[in-house]
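After the structure tokens below, expect a handful of questions from me.
Labels run A, B, C, D and E following the written order; every chain starts at residue 1.
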Amino acid sequence: MKKIRRNISAGEAPEKVIFIGDKKMDKTIIRRLCYSHDNVHETILDDKRDMSEFTRCDGISWFQVYGVHDVELLSMLGKSFDIHPLILADIANTEHNPKMDIFDHQIFIELKRMTYNAKTRIVDSEQCCLLLGKNYVMSFLERDDDVFDPIIKRIKSGKQKISSASSGFLAYSLIDVIVDDYYSILEQIGEDIEDLEDTIIEKPTIKDIEKIHSIKHSLIYLRKAVWPLREVVKKFDVEAADFYDKSDYIYLRDLYDHIIQIIDTVETQREILAEILDIYLSSVSNKLNQIMKVLTIISTIFIPLTFISSIYGMNFKFMPELEWQWSYPILVTSMLIISGVMLFMFKRKGWFS
Amino acid sequence: MKKIRRNISAGEAPEKVIFIGDKKMDKTIIRRLCYSHDNVHETILDDKRDMSEFTRCDGISWFQVYGVHDVELLSMLGKSFDIHPLILADIANTEHNPKMDIFDHQIFIELKRMTYNAKTRIVDSEQCCLLLGKNYVMSFLERDDDVFDPIIKRIKSGKQKISSASSGFLAYSLIDVIVDDYYSILEQIGEDIEDLEDTIIEKPTIKDIEKIHSIKHSLIYLRKAVWPLREVVKKFDVEAADFYDKSDYIYLRDLYDHIIQIIDTVETQREILAEILDIYLSSVSNKLNQIMKVLTIISTIFIPLTFISSIYGMNFKFMPELEWQWSYPILVTSMLIISGVMLFMFKRKGWFS
Amino acid sequence: MKKIRRNISAGEAPEKVIFIGDKKMDKTIIRRLCYSHDNVHETILDDKRDMSEFTRCDGISWFQVYGVHDVELLSMLGKSFDIHPLILADIANTEHNPKMDIFDHQIFIELKRMTYNAKTRIVDSEQCCLLLGKNYVMSFLERDDDVFDPIIKRIKSGKQKISSASSGFLAYSLIDVIVDDYYSILEQIGEDIEDLEDTIIEKPTIKDIEKIHSIKHSLIYLRKAVWPLREVVKKFDVEAADFYDKSDYIYLRDLYDHIIQIIDTVETQREILAEILDIYLSSVSNKLNQIMKVLTIISTIFIPLTFISSIYGMNFKFMPELEWQWSYPILVTSMLIISGVMLFMFKRKGWFS
Amino acid sequence: MKKIRRNISAGEAPEKVIFIGDKKMDKTIIRRLCYSHDNVHETILDDKRDMSEFTRCDGISWFQVYGVHDVELLSMLGKSFDIHPLILADIANTEHNPKMDIFDHQIFIELKRMTYNAKTRIVDSEQCCLLLGKNYVMSFLERDDDVFDPIIKRIKSGKQKISSASSGFLAYSLIDVIVDDYYSILEQIGEDIEDLEDTIIEKPTIKDIEKIHSIKHSLIYLRKAVWPLREVVKKFDVEAADFYDKSDYIYLRDLYDHIIQIIDTVETQREILAEILDIYLSSVSNKLNQIMKVLTIISTIFIPLTFISSIYGMNFKFMPELEWQWSYPILVTSMLIISGVMLFMFKRKGWFS
Amino acid sequence: MKKIRRNISAGEAPEKVIFIGDKKMDKTIIRRLCYSHDNVHETILDDKRDMSEFTRCDGISWFQVYGVHDVELLSMLGKSFDIHPLILADIANTEHNPKMDIFDHQIFIELKRMTYNAKTRIVDSEQCCLLLGKNYVMSFLERDDDVFDPIIKRIKSGKQKISSASSGFLAYSLIDVIVDDYYSILEQIGEDIEDLEDTIIEKPTIKDIEKIHSIKHSLIYLRKAVWPLREVVKKFDVEAADFYDKSDYIYLRDLYDHIIQIIDTVETQREILAEILDIYLSSVSNKLNQIMKVLTIISTIFIPLTFISSIYGMNFKFMPELEWQWSYPILVTSMLIISGVMLFMFKRKGWFS
């Protein structure tokens, strides 16, 4: 995710279509769903069938392209649907940020489809591009993914609003389902954070720092994916006026609310993580203090006592105390008193709390 | 509060009404208060009575819905009052941020009703939705709550401004009473902060960090609840022009001032908490320094003395000093001088302050 | 200052006048200064005299109200001068932030009058409200205060610009004299900061942290008082057009410059305080390092030597060295050499600098 | 890079052309590429040939100036192409920030050409100035650089869009190729950061701080170079309308997207670096804790034991224990028990984890 | 610089001219330079000569006032040139921030003239006021300063653009020469920072903190001086239209670029200073770790050994080992083995790196 590899095209003509990213599947698959309010028809692109026949449809056509590494296929699509070469270059470059570009007859939208690996606490992101035309939508994913399955199901069931709506409504639904996924990532991150909160005061370990670190990473990448979406959705209803029923505006506003809420939650979670880091550091320094107290109490009591006994371990000929009968018990008693006094002082300083 | 559970509806049609949240009461209660400046009439929804009769009223109708988990009841309300399905979905989803949505004949407002648990220092938030129509207001709370009791009392007393005012004024009054509650939370947090300030320099403990942590949490959630209200109230007087006496504008401005003041106080308290954390850390490192000083003074004095006495504890045959008569007193005297010199040096370095 | 007590009115009608704050004097005093360019007349409100006579004046009337806890008196004033109940509620609530409200025939301004206690390093703030009408100004202070004395003197002297100017110019002068006080607070804080800067490197103590803390507090409250004033003064010249000579605009701009400069200085002082905190922490950790060096040097030299001498304190029968004649001097010499080598190594590591 | 040397011209007339910077090559080289869609012609400035002949061209002229220290040559160019003296002064001063200045018949753009030294982790920046006229572009670099080679190649190949486009498109292409280089710098920095992430938890050394430091430096300078470019490219399409085909606007938008993405990545990398610093500090304090634990365990076990044995090393005449037969084994056994108990307590405190 | 002394005028009429600041010279000097494109004439104000004759001039008059403490002289100037009393008050108050005030026939500009003391690393600032009229400019400095000498030289040389330009161009030139000085301050600060960077990793001392501290101070004050200039220069070309040739606009833009670059550099240097502080702290904590390692290695090796030898220093009658012939060599050998094992363990933990 952190890699940026655009430089392989440095100096090349900007409209040259070059695949940048990891190839995640072998052969690009193209499915088409042609539907109107009373009719659904699904086709899979056959190698022999030519494109022109493939594009014929009475209602709304939804082209689902899985895999964007096949540069030739992209060019062919480009010619059939009159797509600007720069759009094709953007589709093939999987490392772009979300954005929306408006063309005369098309709207091009880039999104990030995100998944969260609960074990490594790393979010993974794939590119998802949407190309919206008058009566078709093209979706481009990096691999064969099931993220759009609920939409396909709703269309096929044929009774829902989506079946009789515009191509703009389909595009909205696709963005909505991707945004819905962000919620579940946030939920999992939220659980990880709660786990951290529970353990960090009792037993702070260096592993916790690594966890905080990887969650922070995930939040940074999530924010990077969501933040530009705000603008995209905000502009969508004005810019997509041709492809869109004005009365469906309320759905966009609903989506916009969700995006704002996600951004908000990301910010809140970042603040809470910062706090957890503070707690970790305090907890660690508290531990160090405890250790130092133990060391100091032990040393402060026994070092002077050892000194005293070492005095009477000297071999001088003339040490009158050595001969006295009560020296030993007196000495031991004074040692006990000295340690008692010291312990009392430590107690008063609050070192045992 | 931290949980986000919207994903149970991921991929579902956005207008499908799904309850998201914790069910906080058994059976949804609906009360209606129908009032005009000389007449107050209260009804409770009976299972047998049908909705249509329930809605008849000459003045302003205030429907108080307690409990939003009954999805069927919500749908029935939706049909009776021509409420958009997306509004119903928002009412049933208790984890939204505050916002205002404008429809042709209705205004929909979401708020957070907040309560503060003084013991755990945790704020708890419930959703409160308001739906404002020409001559009715519907309020939706998650459970049977007494937050609106003062308003009900003022309406029933019949002599106050509210009795003869518009439905917009009722909505304003409901928002105002919820915002008033934020003040009392801030007051309690303010007291907790003052307690922390008093104890943190004298006796910093790791428990204080937990307290700072939970207060910070509360402030984060409080800010999250208040911040979007600013926009809501700002737009309210323009957008709610149909439901609202223009001359009552000054009340909205008053409410707006209160919200600004709450946001301001939250920010101030956050800054003061940050300071308290600084003080805590300084105080802890000060304690560590004190401990290290004690350890160093004791070690530095007694370790060399113990070495000297261990010298004369050796069993060599030929150690002339051992035979001398004044060895022992001379040695003890020099030890006293050495410790005296060291103590003087520590004093000069300011280690006893 | 930190307390917020508005909740005693939670749920009450917003226009109900409730005194919120500490009662700072017994009996409210009202003085009136009626002046024109050749005439000054001062009256003190007598209990028996009725309000109507009190309000008669040919030039500009300046009503000085000292004490705002007398809710009845406020209501009486409200009726005589046609003041909106919400304004009266704001006057009685001493815990509002600075703001300006525009009414048809009046402008209402809230300010904070601040004083600095040099010993405790705490700023204290009182509310100051101004109500500006066509030919009168009402000022409301929480207690009998001498802050406006210079203005009274200038008016009585009769020769200055203020005597022949509009009611707007009087309001400007009152704001100006309160803002002037902020300068002297900043000056005293500046001196405290310079004192801190001088002592913090040499002798950092935990007391300094408390000082930094209380200065920061003061700056936070000062900023809170000044920041909203910016907007108030900015809008004043447009909104107060009826009460104000357009040619006096330059005075407002001058006041605005002063406010900006105060905000600027507050920010600068906050930055410098943050730096001082950094220096304090570095200084403390430097001290800790010094202590650890002393401990380590002493321990590292004497612990091995003590071990060596303890070897020859053992009572084994067969220890040939004990019998040799030169054992003792050889051992002492080697000990001296060992300590010399160690001291040399510490020196090379730069531990004595 | 950090040096600012403009003061050598302090007080001089602002339009005086003074070279400020390091001279990076001996003799200024000027190449001209004159091309139209079917014709490419390259010339190198000969000392004898006069400027006027040099400027004759039917299509687009691209003057590539390598080396800007030759003030006389710049003045000569200035006269031939009617360049304002302030532009010439800006070209000769290599320490300006990126900017765009609009003149009646020319657009002047300053950029930073950046290179990254992978070993020292230092970015190096040179000035690149572009002067865009109706049918010519002048590029000024500090030394003979191969950054524009891909563009030259594309022009010479003659089949690409650039060959038949406007002078504005050439300027765009030059900016684009310089921006492409930023990507490769970010990629290398990204790799350095990943290396740091891998080693910092296991083996944090003070060298890592130096690495973090130099990467941060690079990011600061990179951001400084890219940030103002945003504005430049944003304004370019409006301001350069005369030199530019409106239909090529989409290329500019593409460039703008790239710049936004670079700024974004720089910010992300800065955040990640801040995290790495946090991890470093935690890791170091963790190591200190480990060390202190070892010290404390050893000291706490052996110091009391040594004291006990020193007791029985005293030479008092009357110590009954010394005579008993089982004293020694009993003492050794109790010592073993004491250390066992201590180890158990340390274990329970979690000091061995 | 940190002092704010305006309160000596608290409550005074705002237009009263009171000198606030340190008196930096004895007697105010006024020089006049009257010039047109073919004529330069210099006059020094003589006590006897009256003002009116002094003001006669055919071209542009530049009045250079050195010393602003002579309030009477300022008032006299005010009358002769119709200067508003508030301007005079601003001139006499040397502690204002930079700003521009527009009057009908005059523009008043305040700047900070800054100098840097390389030894103490403290910037010193003086006030510089400019008053711009139709055909005159008045400059007010706090003392006799040579900052404007280059301008005087350029005017006297008579051949440069400035000689034949408007009064607005003169004002621009004066601002430009003051801004040029900021560059040289930044250059010196940059050198100080580079020195710090070189020494801070090797030998961090508490002195470095003081250096960082004073450089930060300087940057804070420099930013305070430059930041408002941005606005001043931005508005200048519109507001000064009457005093200014529209064609000279490009010079203002050049000045604006310089100011932006200075602000930018200040921000960059502040970021780098923050980094240096981080490095300092890491370096110090690294040193502490080194010290602790030495202490722990020495203690951990010798404390157990000393314990063992103290065991055999006990005087029990029945200790069989004491009688055995090989006890001593066996014991010494086991001690060597124990220390060897310990050293090996420390090595494996990486404590010697």
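By definition in this document, a residue touches a chain if its C-beta (ideal position, glycine included) is under 8 Å from a C-beta of that chain, and two chains touch if they have at least 3 such contacts.
Keep in mind that this is a model prediction, so the values were computed, not measured.
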| item | value |
| --- | --- |
| Both-way neighbours, i.e. chains that touch subunit D and touch subunit B | A |
| Chain centre separation (subunit D, subunit E; CA means) in Å | 26 |
| Gap in Å, rounded to a whole number, between the CA centres of subunit D and subunit C | 42 |
| Residue list for subunit A, restricted to those that touch at least two other chains | 285, 288, 292, 295, 299, 303, 306, 310, 313-315, 319 |
| Going from subunit B towards subunit C, every chain in order around the ring | B, C, E, D, A |
| Contact footprint of subunit A on subunit D as seen in their complex | 149-151, 154, 160-162, 176-177, 180-181, 183-184, 186-187, 190, 193-194, 201, 250-251, 253-255, 257-258, 260-261, 264-265, 268, 271-272, 275, 278-279, 282-283, 285-286, 288-289, 292-293, 295-296, 299-300, 303-304, 306-307, 310-311, 313-319, 349-351, 353 |
| In the complex with subunit C, residue positions of subunit E that touch it | 2-7, 9-15, 84, 86, 90, 96-97, 99, 101, 103, 203, 205-206, 209-210, 213, 216-217, 220-221, 224, 277, 280-281, 284-285, 287-288, 290-292, 294-295, 298-299, 302-303, 305-306, 309-310, 312-315, 319, 321-328, 331-332 |
